[in-house]
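Lettered A, B, C, D and E in written order, each chain numbered from 1.
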Amino acid sequence: MTVNEVLPLAVIASSLLPGLIIFALPERRIGLRSALNLLGAVSKLVFVGLLLAGVAAGEEYGFRHTVLPGVELVFKADALALLFVTLSTVLWLFTTVYAIGYLEGSPHRSRFFGFFSLCVTATVGLAMAGNLFTFFVFYELLTLSTFPLVVHRGTPQAMRGGMVYLAYTLAGGALLLTGIVWLHGLMGQVDFVHGGSVAALGPQATAQLKVVFLLLIAGVGVKAAIVPLHGWLPQAMVAPAPVSALLHAVAVVKAGAFGIVRIVYEVYGVEYAQSLGLLLPLAIAAAITIVWGSVRALFQDDLKKRLAYSTVSQVSYIALGVALFGPVGTIGGLAHLVHQGIMKITLFFAAGNYAETLGVHKVSELDGAGRRMPLTSAAFSIAAFGMIGVAPTAGYVSKWYLGEGALAAGMDWVVAVLWTSSLLNAAYFLPILYRLWFRPRPAAWPHEHIPARGWRETGWLLLAPPLITAAAVLITGLFAETSWSPLAWAKLIAAREYLQ
Amino acid sequence: MNGLLRSAVVIVGLSLAAAMVIALLQLPSAAVHLPALVAENLAQSGVEHPVTAVLLNFRGWDTLLEVAVLLLALLTLLTLGGGKAPAPAAAVDPLLQGLARRMLPLIVLTAGYLLWAGAHRPGGAFQAGAVLAAGAVFLQLAGLLPAWTAPRRWLRLGLVLGFLVFLAVAAALLGQGALLRYPPALAGGLILLIEAGLTLSLGLILAGLFLFLTGRDA
Amino acid sequence: MTEAWPDPAAWLILLPLAWATLAFLAGPGRGGRLAIPALAAQCALALWLAVSLAESGARLHPVGGWGAPLGIDLLADGLSAVMLLLTQAVALALAVYAQAYFADAHHRHEATWFWPLTGFLIAAMNALFLSADLFNLYVTLELLGLAAVGLVAVGGGTAQIAAALRYLLVSLIASGAYLMGVALIYGTYGTAAIASLAPLIDPTPPLATWLAAGLMVVGLMAKTALFPFHFWLPPAHGGAPAPVSALLSALVVKASFYLVLRLALGPFAPLAEMAAWLAGGLGAAAILWGSWQALRTRHIKRLVAWSTVAQLGYLFLIFPLLAADGLAMQAGVMQAVAHGLAKAALFAAAGVLMRATGRDTLDGLAGVAGRVPLTLFAFGLAGVTIMGLPPSAGFLAKWLLIDAALASGQWGWVVVIIAGGLLAAGYIFRVLRRAFLVAPEDSRFHPVPRRLEWTAFALAVASVLLGLRGAELVALLG
Amino acid sequence: MNLAFDLLLILALSWSAWRSLATPDLTRAVVMFIVFGLLMALAWARLGAPDIALAEAAIGAGLTGALLLDALGALQARRGEKKEDA
Amino acid sequence: MSTGLLYALAGVLLFVLGAAGAVLLAHLMRKVLAFNVMGSGAFLVLVGLAQREDVIDPVPQAMVLTGIVVAVAATALALGLARAFHARTGRTGLTEEARRD
């Protein structure tokens, strides 16, 4: 095995092995467990860094293993894969730190961190999947490893949320599987290649290919929470905050969105998909989701639910970018994949801090929290502005490219959708900011677990992650035009996808 | 529901019977003719009686497994053992007891004859074992032999001896090349050895099927 | 024709017969120490056989040196090698499990003749997988059936006796039908050797051949507990002690399926197409009905037993697809292996859960996630295989099945396969979700030997990891 | 002559089998079954299979008969004579 | 018609009679009887059909010898189970109706 084969595996193993060891650890080995977690996260970061440098220089990384005759497990660390891998790896590090603080003293932590590591393993595996078969393997692994986290609290309410989550995702997986095997029967193994490969089947297969497209997109659309397949996401918010933060704001929904990207660009090929007339319906579905999610978010008093509906809306920006036929839209969509991740995780970290520190779960209870927890609230505010798309945050950059892309593709109505969405975003985020900063604080908080000590409004481990990610929201926006920004990487990918 | 089942079974049964009768009446001659093959190879089989040759040589493998079936049935009966001591044999007519006593040597003699005869004419280990078992049942009915509970070691040894001998021969021959391929010169002797062992064990097993059961839960 | 002296195939039958007999001789409750090393040796033999087959193709062992049709042939090919490997591996793991399981004073009375019965059971299966003679197969079927009945009854409870009795009666009637089929075949062709029969049966055989095939296959279906002959299985498998349930559900029912497959691929291939739809339809009904019942029952082991009814359905879905190409056969064998490992793990895990909670109902499971996490993990992993989710071997089986169905344009089966997978998820998560609930205050947990937990876990892991080694298994099938 | 004997024997076989299944009295049914076994032995002799005839008489009729009678005693001992399976 | 075929036909009759009885009869003893009748029918077909040209064939004869022994083993096991079942429940059948007695 060459280095180029080992590196992708090392990225996967760096979270898988610590995860498996953690399962076996007794509950009280807190130090060892945390060390293992951080060791895994840091070493994964190192491996990903090596990969990034290599891919930027034009190296190719991949690994193949035959599972059945004509069916292979393929890993391919290309530029697109690395965009997602990097996002999950970096955020995994922060979330791990955050989770160590968040779960301090709660039971079953070995189980929690074990499955948490498995989830990240599934996410990076999915990102590096080199064909549909491999993608499906990790797609289902992600479902299975998130379930124990959703039901972690063991309450009947958590069970209900978990079962809804399962029902949606397993049904989606079944659709996806049908589509994949169908395509497999038509053309053998379907590797992800630039420009797609199904066009080779010729005109007599178009009808079947359309049905397969529908199956595949519906399958991944469940995780991407495209309306009407989004019902699980708000329910899954019963999970502990770090789970909501990393998994439901980033890993799981992004896995769906990422699947859409792979299917459109590297299975069908964006031009062939366009010629089959498949992109417009996708764009419409995405647009409906964007608006619908925002509208629903308006009416949620539960903070995490409001954020969840916001996720429903925001993730479809990615699908929308993909469906806009042209490189500018692609850049916008891919950049948003990263930007939305950073912004949304900041919001969830902050929401978790309110809950863990003050016992505040509802928007209506947030009055004056900005004065009690200024740092957390500042981070929250930056991320909220990013979501709305205010310059110079990261959200502004991706929305700008999406709008440009829509105009370039001649789909002017999309611009209207983007504007509507931004207004709605403002409508559900600004009242929160108003409450945080301008309303008087109540006499007592619902459950103040952690007292303020000087300027340390809450635990260290809870405070550092949102501050760093909030800074990242600003930095990625301000320095978007530098060569190491997510935007630049998205441009690299778009250049490669549209090369054909 | 039950009536439905009943009529369904009757209808299926009748049509099956009719189909089989028709099928049997229109059968052509068989393509393979085994009796000729048996006759051809009888000389190398080590015995003169064709049925015994098939049973212990040509298809000896069936017989080995069949003895295992018998042993297994007995084993399962033991599993069921309620552990209750069987009722002591009831007082029986002394005339019957006398008769049984006198018949015992005759039964053993008959079994021996059947065993020996199997090589040349009808008879063999199974018939001999059955006669022995019948004798044991008769003794039990006559009150001379108590029913059995859990078998002690010597009885277990008797029960499995025939099978072990058979297995040992099979294993030894497998070591020489193939399962149960007797060297022609030794075939007669080995078959007699196996049959002798089987006669004893089959007699005990068949008797056991009765003696372990009887009186247990009456 | 003859092989060098250690022909692993033949030893695979003699060895378990020998240790079963010796275990009986050793006396009640003894034999575990004999069985485990012997089973380890059998594993090695099966592996050796598989490797040598991969190198040199199928090998024939004419018992007595006569050869068919006068004598009986043992035939070892890829298909039998896979089944032999599965049997020895699962049996070894379960033997290790059983030794710890019966060491407990409460369960010792169940162990009296467990070991010799198990030895005969394994010998019967090995003999069945290797036999190439229809009548000899009848004898192995009877040996297998009686051993299985004995094991069901080994617990000695009333429900177990009743289940054993029902199982025995079904088994006997089924063997009777099979025997009648053999009688008709022998009468028609003058031989019962599969090798001699295969060239004689053409696509337009006499009526007697049709009847014979029908009787034999129906008998075997009843022994496999294919819907609607499934009624005996849940009480028998659900009521027996855990290691016995695992043996029966994982292996025994597969033996008669294997025989159906053998017949359909071999001598009855010219006739198979006609009845294939019926087999597939019954399989589909089994999947749906078995899953539905598993979703309703309140008892853990009943749930697992009903799951067996459902999973056996998949095995029969392959028959309408056999014509397509090798895919369906591979799918069937993959499913048999995957289910064998996973079901053994599920029953083993269920046994631990019942020991730990002291109850046999799903309601009693609350909180076990914190108490026996390893076992629950094993249950979940085995569940992954049962649900057919990646990367398990069960997933590969479903992949192959769907592939075969689509390749032959038979859409309906795909729907059944997918629906079956979702229903399976439904009943597996019925267990898991309860396990994650917070334990009620008054619940008590009993300590469980670690060995029980680890063997269940090992079986479950094997069922999942085999999914990464599907290519080797398919290559062995040839 | 032979044919007539065969037909008669088959008739007797069928009749005894039928009675052993259909007669309401279990004891009589078992006795009928033993008769059936002995008739089977005769049939085997007619088929030129003296080995089977011997085995059938000893095992099929004899041992099985003894087992059945013994079991009958056990099953009826508890509550006396019973007539069932309508 | 040859002797062999004649007995084979009789075997068919016995087999079907026994099979139907084994399925339909409720009493366990009857089921055992029926199963034995069924087996005897199959044995007759095996030997009779093979000897339908009135040539003695020792192979099926040996098979039937094996079969008879297997049958008695099965019968003993069934009776043993039935007795154990009866001893525990007082019932003589597995079906619902049999519970009445």
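Here, contacts are C-beta pairs under 8 Å (C-beta built on N, C-alpha and C of every residue); 3 or more make two chains touch, one makes a residue touch a chain.
All figures in this text were calculated on a predicted structure; none of them were measured in a lab.
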Pieces of the assembly after leaving out subunit C, positions unchanged: A | B, D, E
Subunit E and subunit D - chains in contact with each: B
Chain at the geometric heart of the assembly (C-alpha centres): C
Chain pair with the greatest number of C-beta contact pairs: B-C
Identity of the chain that, by mean CA position, is farthest from subunit A: D
Distance between the centres, which are taken as Cα means, of subunit E and subunit B, whole angstrom: 17
For subunit B paired with subunit D, centre-to-centre distance based on mean C-alpha positions, whole Å: 19
Mean-CA-position distance for subunit D and subunit C (Å): 37
Interchain centroid distance [CA atoms averaged], subunit C/subunit E, Å: 27
Residues of subunit E touching at least two other chains: 8, 13, 15, 17-19, 23, 28, 43, 45, 48-50, 52, 56, 59, 61, 63, 65-66, 69-70, 72-74, 76-77, 79, 81-84, 86-87
Per-residue overlap in subunit D, given as positions that touch at least 2 other chains: 49, 51, 55, 59, 63, 67, 71, 74
Per-residue overlap in subunit B, given as positions that touch at least 2 other chains: 16, 20, 24, 27, 30, 34, 38, 51, 58-59, 62, 66, 69, 72-73, 76, 80, 126, 206, 209-210, 213, 216-217
Touching chain combinations (by label order): A-C, B-C, B-D, B-E, C-E, D-E
Residue ranges of subunit C touching subunit A (in the complex, touch as defined): 330, 369-370, 373, 377, 380, 384, 387, 389-391, 395-396, 398-400, 402-403, 406-407, 414, 418, 421-422, 425, 429, 432-433, 436-438, 467-471, 474-475
Interface residues, subunit D side, partner subunit E - complex: 2-3, 6-7, 10, 13-14, 17-18, 20-21, 26, 29-30, 33, 36, 40, 43-44, 46-49, 51-52, 55-56, 59-60, 63-64, 67-68, 71-72, 74-75, 78-79, 82, 84-85
Interfacial residue positions of subunit A with respect to subunit C in the complex: 23, 65-69, 71, 73, 107-108, 111, 136-137, 140-141, 143-144, 147-148, 151-152, 154-156, 159, 162-163, 166, 170-171, 173-174, 177-178, 181-182, 184-185
Residues of subunit B defined as touching subunit D within the complex: 51-52, 114, 122-124, 126-127, 130-131, 133-134, 137, 206, 209-210, 213-214, 216-218
Subunit B residues within the subunit C interface of the complex: 16, 19-20, 22-24, 26-28, 30-34, 37-38, 41, 57-62, 65-66, 68-69, 71-73, 75-76, 78-80, 150, 153, 156-157, 159-160, 163-164, 167, 170-171, 174-182
